[in-house]
Structures are given as C-alpha cells and as structure tokens.
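Heads up, the next two complexes both have subunit A, just with different partners, subunit B and then subunit C.
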Partner chain A sequence: MTNWLNRGLGFAVPLLIALLVSAVVLLAIGENPLDTFSLMLTEAFGSPRRLASTLSAATPLLFTAIGTAICFRAGVFNVGADGAFLIGGLAAVVAGFSLPAELGWALAPICLAIGAIFGAAWLFIPGWLLAKLEVDEVVSTLMLNFIAAAITGYLVNGPFLSAQSGNNVTPLVHEAAELSRLMPPATLHSGFLIALAILAAYAFWTRRTSAGLEGAWVGLNRRFSRVVGVSVQRTIILAMVLSGVVAGLGGAAHGLGQLHRFTDGFSAGYGFTGMAVALLGRNTPLGMLIGSILFGALASAGTTIQLFSNIPLDLVNIIQGIVMIFAVIELGRITIRRRSKT
Partner chain B sequence: MTTIALSAANIWKSYGSVQANRGISLSVAPGEIHAIVGENGAGKSTLMRVLQGIERPDSGHVTVMDREVAFSGPGDALAHGIGMVHQEFMLAPDLSLLENLVLGDEPVSFGRGAFARIDWQAAEAQGRELAQRIGIEVDWHRRAGAAPVHIQQFVEIIRLLRRGTKILILDEPTAVLAPQQVTELFDLLRRIREDGTAVLFISHKIREVTALADRVTVIRQGEVAFAAAVSETDGEEIASHIVDGHNPVTDNVKRGTPGSIVLNVTGLSAASVEKSHPLHDISLTVHAGEIVGLAGVAGNGQVELMEALFGLRAATGKVELKGTDLSGLDADRRRAAGIGFISADRRHEGLAIEASIEENTIAGAHRAAPISNGLWLSLRARKAVALERLKRLSVKYGTLRDPVGSLSGGNQQRVVFAREIAGPPQLLLVSQPTRGVDLNGIAAIHSILRDFRDAGGAVLLVSEELDELQVLSDRIVVLAQGRIVGELGADADRRDIGRLMVMEGAGV
Partner chain C sequence: MIEQVLAAGVVLTTPILLAAIGGLVNRQAGIVNIALEGKMLVGAFVAVIVSAATGSWLVATLAAALVSMVIGWGFALTITRLGANMITAGLGLNVLAAGAIGFLMSIIYGSSGTLRLPEVALLPHVFPQSVEAVPLLGPMLANLDPLTIFAVLLIAVLPFLLRATRFGLWIRATGNAAPVVRSVGLKPKLMQEASTAFAGFLSGLAGAQLALASIGIFNEGLTAGRGFIALAAFYFGRDRPWQTAAACLLFGLLDAAQIRMQTVGLPPRLIGALPYLMVLVALVITQMRSLRRAQ
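Up next, the complex of A and B:
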C-alpha cells in the first residue's frame, strides 16, 4: 500500500509543483491560470484528433524512456539514448529508400531491424568501455550523442542528401517501408503500437526473466550480484545493448512512421526528454506510459495553444522544464547510488 | 615540570546496553611511548574516541598536561595538543605533500582571509626542518596519493607536530607498512619521544610492543586487564592477558565426526585489500562433517582467504573440492560446484538490502529449473522455492515482497543461510555469521551450522569471537599476517589461541 502511495506521490509532486510555479508565472503576465490549464487540457485530449497528435508526440519519448530505464535500473547512468535514436533512425531511413521496393511488406520490418541493430551497436561501445575499462558512462554516452549528431548531420547534408527536395533531408523512404497511419490525417502511426509492445516486453523482461532480475540486482548491489553468481560486466553490456535496441528502434519508427525521411534535427531532444520520463516514471512501465503521454501532451498542446490565446509557447516549455527539474530530484538518488556502487 | 601528558581516570562509557569502557584508567608521561593492546571490541576505539573528544564519557576524567579538561569536540582536543593518526590516512590525495602539510593552517606572507598570499617558501622550510628533526626525507612536491604509504604516514605525523601536537595517538600504524617501513616508523617515533612528545600506540602485535613501547596496557572487555612497564614484563605475559582464561562451556557441545576431504587448498596466495595482509602460501583441508574455525585478529587475511576460495579474488595456488580442481573459476562456477558463501558484510554483500525477501532467497537459483525454463521465470515456482527455503530455517517475515532490510539482523542472516545451504553445498564458507545478531538468533544460527555439519557438510568458519569458534569448531586454525601460524583442537586453552594470534607465529 505505502509502496503505491510513494510511487503515486513521486509522480504527482513534480507535476503539482510545476503547475503551481506556472500558475505564478501566468498570474504575473496577467493570465488566468485555470483558464489556461483547461485550454491546454482541451488542446491535448479534447478530441480524437488532438488525442492522436498527443500520442504521436509521445511515441518517440516512450522509446527513449524505456531505453534509458533499462540502463538506469541496472545502475548504469546512460544518457546516450538520443545518439542511438539518431543512428538507428538514419540507418532505418537509408535502408528504407535504398533497399529494393519490391521487398513489399517485408521492407518495413527489415528497416526497423536495421535501426535496432545500429542502435545496439552504437551503445555497445560505451557498455564495453564501462564494463571492461571502467570508462565513466555519463561522459562516454554524452560525447557519443555529439558524435551521433555530427555523423548524421554530415551524412544528411552530404552522401544521403535528397536530390529533389531542398536542404538537409534525405530522400523519402519507399511507400512499402512506411509505417501505417492509424488515424489519418493525424500523424499517429503504428510506431506507437510498437512502442506499446516494447513497453509490454520491458514489463515482462524486468519481472519474468533472469536477465531482467539480474539487471535490478546489479543496480541495487554489485557485490551481492557477484556473490550470487551474476556477471556484473555482462549485465552492464547487455543493459547498454538492449537500451540501444529500443532507442534505435524508436529512431527507426520515427523516421519510417512520422517523417518518412531523415532530416537534420531529427531528434528534438527526445533522448533527454525520455530520460526525464524514465526518472519521473521511476522505470516502471505504467509510470513511463503516463509520463510520455504527459510530455507528449505538453508538446502537442504547446504548439497549438499560442494560436488561441496570448500564452507564449515559452510558457509550455517552462512547465516542461520545471517538471523535468523536479523529476530529476529522483536523479539525485540515482547518482548517489552510482557513487556508492563500488 | 609536567609529569602526565595525558591521562584517563576511571572512564565509563556505554552504548545502549553495551558497556564499552568500564572504569579504564591509564596515563602517559611526556617522552613516553605507551602501547595499548586488546582484542577487537575490547574497548580501545571507544577509549580513543573519548580521549579525542569525539565521545563524552559517562563518567571519569581526562587530564592533559596535569590539568583536567572536558572536551567539547575533536577540535578542542587538537587545541590541547592531542593528535591522532588513523588507519585510513586523512591526506588529500590530489594535493602535494607540502599542500597537505599546511592545509588549514597556511603560513601567510601578505593579506588575510580569502585574499591571503600563502608563503610557500616558509611552508617548505618548516616542512624540511620538521622532517630533519625526526630524521626522514620527504619529497614535498610529490602528489600525496602517489607517495609511498609510509611517507604519507610520516607526513601525517609531521603535520600534527607542526600544529603543536604534544600527545600523538597512532591507531595500528604498522598494519599498512612493510617490515622495512616499520623499522623506519619506529626510529621516527623514538626520535619524537626524545623531543618530549607522548605517544599512545595501539597495536595487535606483541613483538612491536616489546620492541618500541615503554609501558603497556592490555584492555579486555572494557577493563584494564594488565598494565606494566615493558622492561618488567615480556611478550608471553602480555599475550596471556589479551584473551581471558575462561574457555566457554563446551561440555554439552556435540563435535563432528570428520569424514573424507572436501576442501583441499595448497599454496594459495592472493593480493590484499587495503590495510590488510596478503595471503601467503595457505594450505589447509576441511573434511566432510567438520567445522574448521579460522581464528585471527581482524585484517590478517580472513577476508582475502574467503574471497579467494569463492572465486571473488584472483589468487595463485590450488583449490580442490572433492578432488575437482576449481582454481581460476569464478564465483558462479564455484557455486555450481557446491560451495556456499556467507559474507561477513551482510548488508552490502550477503543481501541486496532493498530487494525483496523473495528475490534475496532465490538469487543464484533463478537461472535453473524449476524457477526458470531457460527463457522466462515461473513466478509460482519462484515463490514456492522461496517459501520452502524460508520455512526450512523458520525465518520470520511479513510478506515475501517486503524488502529484506525490514527484517531483524538475525532474520536477515537466516535469509542468507536459507539461500546458501539450499543446494545443499558440500562446503560452506562462513564469515562472522552472528555479527549484529541477538542472542536467540545466535543460538539458531549455531544450530543451523551444526545441523549442516552433522548432515555431512564441510564448514570453514571465520569469526572474531573466540567463544563462537570454540563452541562450533572441531579444529581451530590461526591466521596471522596472511599466513597460517598454528592449529589447535577446539578445546585448547584460549590463551594459547590468543598468543598465536598476536605473536606473529612465534609459537609455531
């Protein structure tokens, strides 16, 4: 019982504080906070179409959140989901326009798999460095994010630049490689369903597999893990690789489902928002689902809200930022655990 | 003329129901080296904490330079000229030795406060002068963390002398030093003594006490058991007072009936953890149906030996279990081969304290049938295995999902046993099984161990409680400085065991 209460509070408190602070900001600029909040609610969830756009915005966050959570629960502070998202996204898109279109229905799954493999390979690097050479994973994954952005930025402006359309984009993927739209004309695509499937798989993996159990033990206590016969090194590498699979798959779904191509600025900080979602949801499947929808709602409401009110888009960003800051209070706990793990 | 540099008179101090100091008195004169010896848990540390002003005694007085004092905190003791060198060095590893020397009390040539200019030349001159006075050489510009341990220790001593320390307390200063370095330290301490500094020297090694000290006080169970001028006693007499002569009542204790050899160790050597001794050429056997007790002062290689046997620490030499060579295998494989491991550090190694009772109970068995089918786990089998294991050792708990940290110490330890003897293993490596466990729990854990032995299991038992070793073991092997220095029957006079523990193998 108390466990549930704790978890619920852990989720609600950052949100409530963020709303309070935003209310103060709104009052200061002469707006009625209640009106604004209800407008935001309507914009995010008020109609099937709006709901679809919220879920569409939540999709990449759900992927990156799960990818991050896999590492966090093993005590590996991986901040590299963004890089794997980019690499996986580009790999899938390139496959999506360069593989023969004749592959038909098989093309989309192949492209998704390629995205997952590239994401996995990408995060294998910091996983191996951490397990074998004790290279701090925060530094390595953060730096790999910059490298991923630079590599994809170069490729999209050079070798893979589209001949037809303007600048900084690749050609469109074959139609066969596209993920189907669930509620046209909304952009919500079947990548959202894949994300839900991954979430279910994550829930199963954490509770019902020995590797999932071992991940939690390594996160809680490495000396204990060794004594009960768990290889800490292997568990760390596995967490990183699985994290790369999920984040890479997220990038692939985003490319094939949302944009149908790769663009410069492909990830709008999804890796980092996903990290906040993982922290806010405390790595639990339900928590991360709610968290990603929350951030998705803020993103989709934010873009439309300024059309209908005097509220600047910045305010939405402020709310988002404040939620993240208070979600990060939880991060403080994780960091302490990281320090004491040796 | 000062006659007493530091004295404690009739110090009483209790923590809850534990009487750590029961009327301890001792004094040290200027220019005297006074050794304090005693078992772990005898009350030495408490006394030192009182002398340093970290703890207030329940009753009794502390006198410094012939004047009675009441310290309000550690800073107060320092101001009265009492300085302590701890086992863990307190130097900042990334600063130079010179920076460490003056840290907190820098010589200033200009300005004050945050705008002061530190006079490094003066600092170095002071350092050189002090080093010369006690007869050592220091490369002051070396990074502290990169300096040899004995140099770090000397700099700590110089640092205290520079701050006006007249009474120097050293807590087992030789534990980290090589023999050559010990000689250097002793020369240094003798020169400090000539300057009129009083030295309190805590040690477990009788040979060091007789070589260095002027007086010796033996503390046992919170009381002064023996005090004498070193010139009027000898090592044998000192050692005989460290452990009392009251053997535990073992009349009703059922001993084991040893069978064939289960564990056979030959020539095992391993590197040490910090401030402990490396293992050197350990050979021993444990038979089926036998508990072999490993006696020794803490930090003499017990941790290393147990870790090396379980595959948690790299080692050379041979470890055989029932004739199968396990050398070089990791913990996972040794567990599978039939070794159980009860860690001395229950909270940080024996258990994942925040994980559930269920997970802690089944850990290690989670990859095999019936819990796992190779792909996923059966929650029902997992629960059944946990319930069965916990029931067998009658562990008391709320629900299986509660964090194991919510249990009492005794029940936590039973969870560890429930997991480790479930196999059942052929050999159980047990360290400090009853540390932090109440009396009922102790009896229960003892009977678990005896039952395991009587069923034909082999046990290697490390304990700092001699009573426990004598009550449980069939044989006692004494470990000192990473070597086996003797073997006795379980009913041997405990003074003999104590003597072996502190005499560095003199009795072999």
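Up next, the complex of A and C:
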C-alpha cells in the first residue's frame, strides 16, 4: 500500500508544483488560472476528436518514455532516446519511400523493423562504451543526440531531400508504408496501438522475465548483481539496445504514421519530454501511460489555447521544465526506502 | 582570409570559454552543469533588455550575469537541498528557461522568436580601429571586446586560483572528497552552491557577449547549443583550465571556419557536429588509457 501511496505522491508533487507556478504566472498576466486549466481540460479531452489529437501527441512520448525507463531502471542514465528516435525515424522513412511499393502490406512492418534496428544500433554504441570502457553514459548519449541531429539534418537537406517540395523534407513514403489512421481526419494512427503493445511487453518484461528482473537488480545494486552471477556488462548493453529498439520504433511510427516523411526538426524534444514522463511515472507502465497522455494533452491543448486566447504555448515548456526539475526529488526518497527494506 | 577566420573565431570563442570556465569550476566541485545553455540564453535576453533600457553595455552585462547567477544558485539548491538529480534538473532548467523567455517575449513584447529593441548599446571595442593595420592579428585585435579580454585574463589566472588559493582548494576538495571537507568543519553543499552560482554568473556573461558583441538582437535560438559545446569543451579538457581553453578556441575557430568550408562543399551541419564527436572520441581514448593503466 505504502508503495502505491509513494508512487502517487511522486507523481502528484512535481505536477502540483508545476501547476502552482503556472497558476501564479497566469494570474500575473491577468488570466484566471482555473478558467484556463478547465479550458485546457476541455480542449484535451472534451470530444472524441480532441481526445484523438491528445493521444496522437502522446504517442511519441510513450515510446521515448518506455525507452528511457528501460535504461533508468537498470541504473543506466541514458538521455539519448531523442537521438535514437531521429535515427530510427529517418531510417524507416527512407525505407518507406525507397523500397518498392509492390511489397504491399509487408512494407510497413519492414520499415518499422528497420527503424528499430537503426535505433538499436545507435544506442548500442554508448551501451558498449559504458559496459566495456566505462565511458560516462550521460555525456556520450547527450553528445550522440547532437550528432544524430546533425547527421539527419544533413541527410534531409542533402541526399534524401525531396525533389518536389523545397527544403528540409524527404519525399513522402509510399501509401503502403503508412500506418493507418484510427479516427480520420484526426492524425491518431496505429502507432499508438504499437506503443500500447510495447508498454504491455515492457510490463511483462519487468515483472515476469528473468532478464527484466536482472535489469532491476543491476539498477539497484551492481555489486550484488555481480556476486549472484548476473552479467552487469551484458545487462547494460541489453538495456541500451532495447531502449534503442523502442525509441527507434517510436521514430519510425512518428514518420510513417504522423508525418509520412522525415523533416528537419522531426523530434520536438520528444526524447526529453519522454524522460520527464519516465521520471514522473517512476518507470511504471501505468504511470508512464498517464504521464504521456498528460503531456500529450498539454501539447495539444496548448496549441489550441494559443489560438483562442493570448496565453503563449510556452506555458507548456514552463510546466515541463518544472516537472523535470522536481520529478527527481522523490526519486531519491524511493531508492532510500527500498534500500532500507531489503 | 585567415585574418577574418581568426577574428571571427575569437569572437565566437568567448561565450563558449566563459561558460566553460564556469562549468569546469562547477564540475571540480562535483556538479555537472547541463544547464549552462539555459542560463546563457537568460543572460542574452536580460542583456538585450537592460542594454536597451539603460543604454549602458556595462550595466546590461552585470545585470545578465547577476540574474543568471541567482538562477544558478536556485538551481543548485534543488540539487543540494532537495536531492534533485543534477542531470534531469539541468535539462529541465534548459526547457524552463526557454519556455519562460518565450512566454515573456510574447506577453510583454508581443513577438515570437526574435526581439528587436531600439538603441541597444553594444560592447565597445577595446583598441582603436587603427590596430587593424597589424599583420595577421589586425582584424582580431580591432574586434576585441572587454568580455573577451576578461575571459582571457580569467583563464590565465584560473590555474593559480584553483591550485593556490583557499577557495580553490575548498572547491576541489568538495568535488573529490566531500566527507573530508565536512570533517574539517566546512560545508560542501555551500561550496557546490557557490560554484554553481559562479557558473551561472559566467554563463550570464557568456550570454551577454553573445547578444551584445555584434548584433544586439535577441533570438530564441541565439545560443544554438553553445552551452553544450562549453560542456563538451571542459569534458574534452578534462576540467583543466588551459586545455579547456584550447578546446574552446578550437571549437570557436571551427565555428568561424564552418561558413567558409561550406563554399568548398563541406556540409555545415556535419561540421557543426565535430565538437560533439571529438568529445566522444576523447572520452573513449581517456578511458582506454586509464583502463590499461589499471591493469
């Protein structure tokens, strides 16, 4: 019971701080915070169409959050989901327009798999460097994010530039490679279902498989894991590679389902928002589901609110930033509590 | 052409160098400061506003540094007193700073992205324009602003400050052995807060230089990852002042040469990634060496 309470508090406290600060900010510019928040709620969940756009905005976040959580619970501080998202997204989109369209229904799964493989290969680099050479993973994944942005930015303006439509975009993928829209005309696509399936797989992996258990052990106590015969090196590399698979799939789904192409600025900081979601949800499946929907709601309601009132969309960033700063405060408490129990 | 690259390179080095000095002192005290970028952006924003309001580059620069210092101090408190994780809190502060600035810009100035204010006082040039006649270094000397000179002086005395002064010793001791610092009656948390405030102060200066060196216009993308380049520089220089400065100069020159290399056909986006790649390679080499030594 206390565990649930703790997690609930860990979820609520950073959010409450963020809401409080944004309420003060809204008061300062002469807006009624309660009106604004209820307007945001209506805009995010008020109708099936709005709900669809909220879930659509939540989809990439759910992918990057799961990818980050896989590493966090193994004690690997991977901040590189954004890079894997970009690399996987570009790889899948390139496959989506350059493979023959005659592949038909098989094309989309092939493209998704290619995205996952590229994402996995991308995060294998820092995983291997951490496991074999003890290269600090925060710095390596952070640097790899910038490198991924540079490589994809170069490719989308160079070799893969669309001949028809100006600059910064690739050609559209074949229709067969597109993920189906669930509720047209909303952009919600079957990538959301894939994300849910991965979330279920993540829940199963963490609770019912030995690899998942070993991951948690390595995260809690590396020395203990080594003593009981868990290969710490293998677990670290596995966590990074799985994280890359999920984040790469996320990029692939975003490219094939949402945009149907790759653009410069493909990821609007999804890797970092996903990290906030993973922290907020304490790496738990339910927590991350709620967290990603919440941030998806913020993003989609924020856009409409900016249109109809004079509240800038930047409020969403203020909320996200505060959540990220304060999300981890409780994290320290949880590990201490766990340690005292075992 | 070399003169121009050198002149532009030195101007581009200064903000990276200032932020990197702050970051390396901060890291010596045991805090990896990922929020240099956000604090630089705040510094640039404050500098442009204050410069337009007062017409004084000096007041603007000091205001930028002080605001960033206060933010740095508050940021340190969440880490030292509330147990926030320094990496996520740092990334969060970057998001928060960008969000808050964007918010203020559209509420107060009704503009999105770019802020143009009338009569922004730019940084003065230290030497009279006649030094341009000096061979090779001429354009560089003519462009020198006070903050660049400050950065160079600071990096020159920093090894001494860290090695031979009491405060430098406390900082390094905090990063290396916090329990020892505590056992002799000093407060390691206070040291960390002070060093983070110092990093904030210098990031603010860096932002001011970025905004007031030549254009006097604020833009949301003004820092363009320079805070992370600074991070790359002090990782590359392994927290040693002069090596870090050398890395900063290299990255600054690279930035200046980038525009010219474009005409030769090298893609600028890929060149822009070089500092990050170099850090990665440098980290790998360092680790390989230290592992071999350990065997």
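Keep in mind that, in the parts below, the second predicted complex is superposed on the first by the 328 of 342 C-alpha atoms of A that agree within 3 Å, B and C clash if a C-alpha of one lies under 4 Å from a C-alpha of the other, contacts with A are read in each partner's own complex, and residues count from 1 in each chain.
Rule of thumb we're sticking to: a residue touches a chain if its C-beta (ideal position, glycine included) is under 8 Å from a C-beta of that chain, and two chains touch if they have at least 3 such contacts.
Note that the structure is a prediction, hence the values are computed from the model and not measured.
In the superposed model, A:R223 lies in contact with subunit B only, and not with subunit C. Touch criterion met: A:S231 reaches subunit B, while subunit C stays clear of it.
Once chain A of one complex is fitted onto chain A of the other, the partner contacts of A:V277 are absent, as it touches neither subunit B nor subunit C.
When the two complexes are superposed, the chain touching more residues of subunit A, out of subunit B and subunit C, is C. In the overlay built on the shared chain, the residue A:M40 is in contact with neither subunit B nor subunit C. In the superposed model, A:V135 lies in contact with subunit C only, and not with subunit B. With both structures placed on the common chain, the touch criterion links A:P312 to subunit C but leaves subunit B unconnected. When both complexes are overlaid on chain A, the residue A:R208 reaches subunit B alone and has no touch with subunit C.
By the touch criterion defined above, A:N157 lies against subunit C but remains apart from subunit B after alignment on the C-alpha atoms of chain A. When the two complexes are overlaid on their common chain A, residue A:V94 makes contact with neither subunit B nor subunit C.
In the superposition on chain A, the residues of subunit A contacted by subunit B and by subunit C do not overlap at all. Subunit B contributes residues 310, 312, 330-332, 335-336, 341, 343, 345, 348-355, 359, 363-364, 366-367, 372, 375-377, 379, 419 to its touches with subunit A in the complex. On subunit A, the positions that touch subunit C within their shared complex are 25, 29, 77, 79, 129, 133-136, 138-140, 142-144, 146-147, 149-151, 153-154, 157-158, 269, 272, 275-276, 279, 310, 312-329, 331-333. Residue ranges of subunit A in contact with subunit B, taken from their complex: 204, 207-210, 213-214, 216-217, 220-221, 223-231. Taken together, the subunit C residues at the contact with subunit A in this complex read 32, 34, 75, 78, 82-85, 87-89, 91-103, 106-107, 112, 225, 228, 231-232, 235, 267, 269-270, 272-273, 276-277, 279-280, 283-284, 287-288, 291.
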